[in-house]
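The structures considered in this document are given below.
In the two complexes below, chain A is the common chain; its partner is chain B in one and chain C in the other.
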Partner chain A sequence: MATDLRISNISKIYPGCVANDNVSLQFKSGKIYALLGENGAGKSTLVKILSGVISPDNGEVFLNEKNLKLSSPLDAKKNKIGMVFQHFNLFETLSVFENLSIDATEDNKSLRVRINEILKKYNFNIDLDVPVLNLSAGQKQKVEIIRCLLRSPKVLIMDEPTSVLTEQETEELFISLKKFCDEGILIIYITHKLKEVLSLCDEVAVMRKGKVVSVSQTQNEKVETLANKMVGQKLAKIKKKINFSKNKDEIFKVKHLNFYSDDPFETNLVNLNFSVKKGECLGIAGISGNGQNELFQILSGEIITPNTSIIFRNKEIAKLNPKQRREYLMAFSPEDRISQAAVPELKIYENVALNNFKSSNFFEKGLVNERKIKEHSKKILSDFSVNTDNVELKSQFLSGGNLQKLILGRELITAPELLICYNPTWGLDVGAINYIHETLIKINDQEKSTILISTDTEELLKLSDRIAVIYKGKLSKIMPSDEVTPEKLGILMGGGSID
Partner chain B sequence: MSLDISFIGILIGSIMASSVPLILAASGELITERSGVLNLGVEGMMIIGAISGFALMVITDNLFIAIIGSMLSGVVISLIFGFLTQSLLTNHVATGLALTIFGIGLSAMLGKDFVGIPGKDFPILFSSLRESVPFFGPILFGHSIILYFAFVLPFLTSYFLKKTKLGLIVRAVGDSPVSASNQGINVILVRYCCILYGGGLCGLAGAYLSLIYTPQWIENMTAGRGWIALALVVFATWSPIKVLIGAIIFGGISILQLHMQAVGFRIPVQFLIALPYLMTIIVLVVISRDSRKIKLNTPTSLGRIFYKEK
Partner chain C sequence: MEDLLIRIEKRNDVPTTLYFFTPFIAIILTIIGGGIIFYALGFNPVEALKFYFITPISNLYGFSELLLKATPLCLIAIGLSFCFKSNNWNIGAEGQLTFGAIVGGGVALLFYNQEGFYILPLIIIAGAIGGMIFALIPAILKTYFNTNEILVSLMLVYVSKLILDYLVVGPWSNPEGFNFPETRQFSDSSRMPLLFEGLRIHAGIFIALAAVLVSWFVLYKTYLGFQIKVSGLSLKTAKYAGFKGKTMILIVFMISGACAGLAGVGEITGPIGQLHRMISPDYGFTAIIVAFLGRLNPFGIIFASLVVSLTYLGAETAQIFLQIPQYTGQVFQGMILFFLLASDYLLFFKIKFQNFSKNELRH
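== the complex of A and B ==
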């Protein structure tokens, strides 16, 4: 039976922000629809409304011309609207089966039979009796999809589904989605990744600042046209000149890096050895959870491991803490902007002061030199084009992109010799990503080095001079990036071998 | 003192009796905490239960009403906590502490007229078997029904959490209230229920003290047992059976050290008094070493305020 989903004049206003401004869209089964937009464009608000998590201030949703009242997630479920959120709605400490049985109406035996049928039909390989926290991101997503499929949905909404997947997993997902579509499920695919829209979807609606700015057939679109619609202006293309040369000095050298942990949430690192040359960007690829966190913390000095040698500018620094390492002109930009890099409740200038150096004189005789810090902060805000000049603003009110610019600015204004960053553009929109990529390339042009730990292969290929892959705590051999393809990286990231 | 067989039997019986209030209160708090709510008001709810039970017994002369009333009083006072933390989104820790202080004060005020009134004998079951069966008699028989209930409760709790749909929902809410809410589970309602359940059992635990264990009302008679129950839940890593083990060890060593003092062991009294706390912690830490299991049992959202997006 054909499904027809119509959204009519939806508006949702938050204090100080119009999240959805009179949004009207129409979807029909048999096609895969993309909803494209930058962060903050209102996509997530719209899907939350469709899944009943929040209710709109205005507007209506029609499914097969029936006016739906979606005031709770239960209403969406009852009306056969399935939803896979970007941040999984799973219970980590419960088993897969418990996760699936929690909202089931049938008894456990027949539920298990039905789940096994789905696993078989779509070739999913998941052990039902392990706790969800043991699963990979791709498997977790499959659990979410199974949860929707169990209710034989008419509409399946996927919110940024590939942000945590490898290339292979993404391909698998696309195959499954096309299968669902053939079976008559209406699929709405939310993303800010342009290539995915072009390779998967039939129709694309672009949102900007809460409004739908265009609806078109994907076959008539190209990456550039979609990007321009999404951002509302023309974007400069970034291309880095690879400057891999053998005879440059090694500025940073790691030997025998081993890390062992009892914590089941942490990954052990096994004998990592690598070095970084002056003016070079070393990329470290991998699916998240393969030891990147631990590696970053060891490189930054948050974790000190025994018997490891880290040489930086001809000095042994393996035993130094992050502050001491910064004194030697290293800089760090951790993955989690909110909880690791900045304190969201503090004002901008206070966050800047956290990163104090002996030379910066932020503190005199135990007192805060507010004037100096504020001057310094203003310089960061203007040098790194953060979208405010108010240093008194609490950092939590900055968007992800602006906060990341502030953090990079704070790290870079001291002209460090080595910047180590971990997923610097995670969750940012195209404009901010472009800016940060330009900045990282500029660092290398100035003969400073970077280590880029990232789960985004495209970013790594764009910025790195050499690339290695980390898988289950082990590092692959380091390859010049012009010899690397996304396919090769994908195989290594999935634990395969390319030789 | 002769260490004959029958004496050991009686000793074990008294150890069991002394661990009952801990088992009851900790089992209740365990369910509350498994739903992600940290209620530090256990001591306050227990003492309110103790005075309500005793006062109702004196006024109505009916033990059944007294027991039910004590549980209801626990429910009512925990409802205050529930309303504050779940509906008004106050901080769990501060609200729980306030509840304890409030409970102790209120019970002292209500209990003024009941000081010195003798309690009533609580009916015990199988009293004839207690005398006739050697050794096992005093262990298995001649207890109040509350004691039998307390010793079955951890197993029921474990079954509830592991095997029933409702138990699954409680664990899910404690793991991730946001996900649970997005699955259409009424998180606030589940948490209210768990808070009230915990309150009821704490009330019962208090009534056990004032009606059965030492049948009388003494101001502040819970004497920190609520805090021990709270600590038991954490050290037992939210496992009902381990709560039972911990409560028995604590009760056991509390009783044993009294006997040791009486016999005149040449160990400083202060050390003996500290012994139950020390041993309970050591044993529970040793039996709960598996960090993987701890992670699976710990309610991830414990003590965090949950509010629904609108």
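== the complex of A and C ==
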């Protein structure tokens, strides 16, 4: 039976922000629909409304002309709307089968039969009796999908499903989604990745600032046209020229980096060796959770590992803490902006004072030199075009992009010889991403080096001179980035090997 | 949407003025709550509350008593604010007070038959060091063995009380004291100078006031204060900035312990004048309420210590005039904390009724 899902005049207002402004859309089964938009465009709000997590202030949802009352996720389930979120809702320590049986209504025996049928039908290769924590992200996602399929859904909503997948896993996912679509399941695919829209979807709705700005057939669209609709302005393309040359000095050299942790949620690092040359950007690719967190903390000095040698500008710094490393002109930009790189409750100038290097004179003889810190902060705000000049503003009122500019500015104002950043553009909109990328390229142009740990392959290919891939705590060989293709990276990130 | 949905949302920004105003709301609610309790017990609530909150401070002696009891509360709470601001939950100030009193008292007993201007400063320093050492135990266990400081500091309270018990009954008991569980009286040189003849208020209040000023300076004007503030908000950030986390834990516990130790010394060299079993009516625990009622702000703590001190006095007056147990003081202290936490909840979160907000949207 054909399915017809209609969203009519949905509005949702949060304090100080209109998340959805009179959104109306229509979806019909047999097609894959893309919902495209930047972070904060209102996609997630709309999806949460469809799945009953939040209620709209205004507007209605119709499924086959029946007005749906979605006041809880249970209502969505009852109405056969399935949903796979970006972050998995699985119990890591329970087995796959246990996870699936939690909200099942039938007995275990027939449930197992049905799950096995689904596995066979869609060629999913998952052992039902292993704990979920042993699964890869792609497999976990399949478990979530199976959970939806068990309820024979009419609508399946996927929220940025590929953000944690390798290229191979993404392809597999697309094949499955097409199969579901052929079987009459209406698929709504939420993403901000343009290429995925073009390769997978039939129709695309673009959202910007809470409004639907365009609905069109994907065959009539190109990457550039969609990007312009999504961002609402023409984008200048930036591409870096490769900066790597063999004769340059090695400024940073890591030998025998090993890390062992008792915590099952941390990744052990096995014998990492690499070096960075002056003016170079070394990219470290990998799917999150393969040891990047641990690597960043060891490079920044938050974790000190025994027997590791880290030589920076001809000095051994492996035993120094982050503050001492900063004195040697290293700078760090961690992934977690809100609870690590900055404190939202602190004022802007107080967050600036976190990077307290000796020559800053922020704290003279143990006393706070507020005037100096504020002066310095003002300079950062204007040099890095943060959209405020009020250093007394609490940092929680900065958007993600502006906060990241502030953090980068704070780290870069010391003119460091080496900047180590981890997912610097995570969750930012295109405008801010471009700004950050330009800044990172500028650093290399000034003969300063960077280590870019990132889960975004596009970003890595754009910015790095050489790239290595980290997988399960091991580093691949380091490759010049002009020899690297997204496919190669994908294979390495998924644990495969090339040539 | 027909049904009423109640949702709790975090408020994005809480005005600072309101943040410092809510303790007053809590106090007013406590007084109303107290009135209701008195009414339920069959008293005229207005009259009872008058006995409780007005009579105790209606004369000079009462006012001196108010300051006398506020002094240790203020001192301990100042120390605790260092711990609480940096995410270290020192619940054992009562134990640090007791141990400070033991060490200070020990020095006083050494000089029991001597006079000299140097004796009192020695006792005070000894008391501060005693409290500091006792606070270092949970701090060291926390930093090097990952123990929970709440449990350790709390349990150490009973350890120090038992040590005091043993000393006043055993080795330190007064040889001429007919086996009463108490030590000798300290010599006059071991006593805090009284400020006014006939009143019990003593020089210890200056120590408390000095602590307020010093702590304000340290917390808001120094690098240590900045580190305490950042660590309190996010330990991850403190680590990333390269603050020496372990050293800081030790420092805040030492400050806190020293303040509690000073409070203990102030009691035994002030109004008590010897060591016995009951040197503190749980000042160390009550000071936790004082610290939070004062918003961990040094000047807020002065105000809070006066309010909470009044509940001690009120309880005594109420016992005399209304024949109700002294423990009503603890009822009032409990109510203050309850109303403070409740109003904080409403301050930081808002409760939204779904179908009201829908109507709001229409215009």
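In the analysis below, the second predicted complex is superposed on the first by the 497 of 499 C-alpha atoms of A that agree within 3 Å, B and C clash if a C-alpha of one lies under 4 Å from a C-alpha of the other, contacts with A are read in each partner's own complex, and residues count from 1 in each chain.
In the analysis below, a residue touches a chain if its C-beta (ideal position, glycine included) is under 8 Å from a C-beta of that chain, and two chains touch if they have at least 3 such contacts.
In this text the structure is predicted, and so the values were computed from the model without any measurement.
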With chain A superposed, do chain B and chain C clash or fit?
-> fit
Which of chain B and chain C A:Leu94 touches, first, second, both or neither | first
Return first, second, both or neither, reflecting whether A:Ser55 touches chain B, chain C, both chains, or no partner chain.
-> both
Just chain B (first), just chain C (second), both, or neither: which does A:Asn355 touch?
-> second
Per-residue touch tally on chain A - higher for chain B or for chain C | C
Write the angle, vertex at the C-alpha centre of chain A, between the C-alpha centres of chain B and chain C, to the nearest 10 degrees.
-> 40
May I ask you to decide whether A:Asp103 touches chain B, chain C, both, or neither, giving the answer as first, second, both or neither?
-> first
Is A:Asn321 contacted by the first partner chain B, the second partner chain C, both or neither?
-> second
Does the superposition put A:Asp336 against chain B (first), chain C (second), both, or neither?
-> second
Touch check for A:Glu302: first (chain B), second (chain C), both, or neither?
-> second
Rounded to whole Å, the nearest C-alpha atoms of chain B and chain C in the superposition sit apart by 6
Doubly contacted chain A residues - partners chain C and chain B | 55
Spell out the residues on chain A that touch chain B in their complex, using ranges where they run on.
-> 48, 51, 53-55, 72-74, 77, 85, 88-94, 98, 101-103, 131, 133, 262-265
In the complex of these two chains, what residues of chain A are touching chain C?
-> 11, 13, 15-16, 55, 57-58, 71, 300-302, 321-326, 332, 334, 336, 339-343, 345-346, 350, 353-356, 363, 366-368, 394, 396-397
Listed in rising order, the residues of chain C that touch chain A in the complex are 1, 3, 5, 12-13, 220-226, 229-230, 233-234, 236-237, 239-244, 354, 357-358, 361
Chain A partner contacts - residues on chain B that touch it in the complex | 165, 168-169, 171-172, 175-176, 178-185, 291-292, 295-298, 300, 309-310
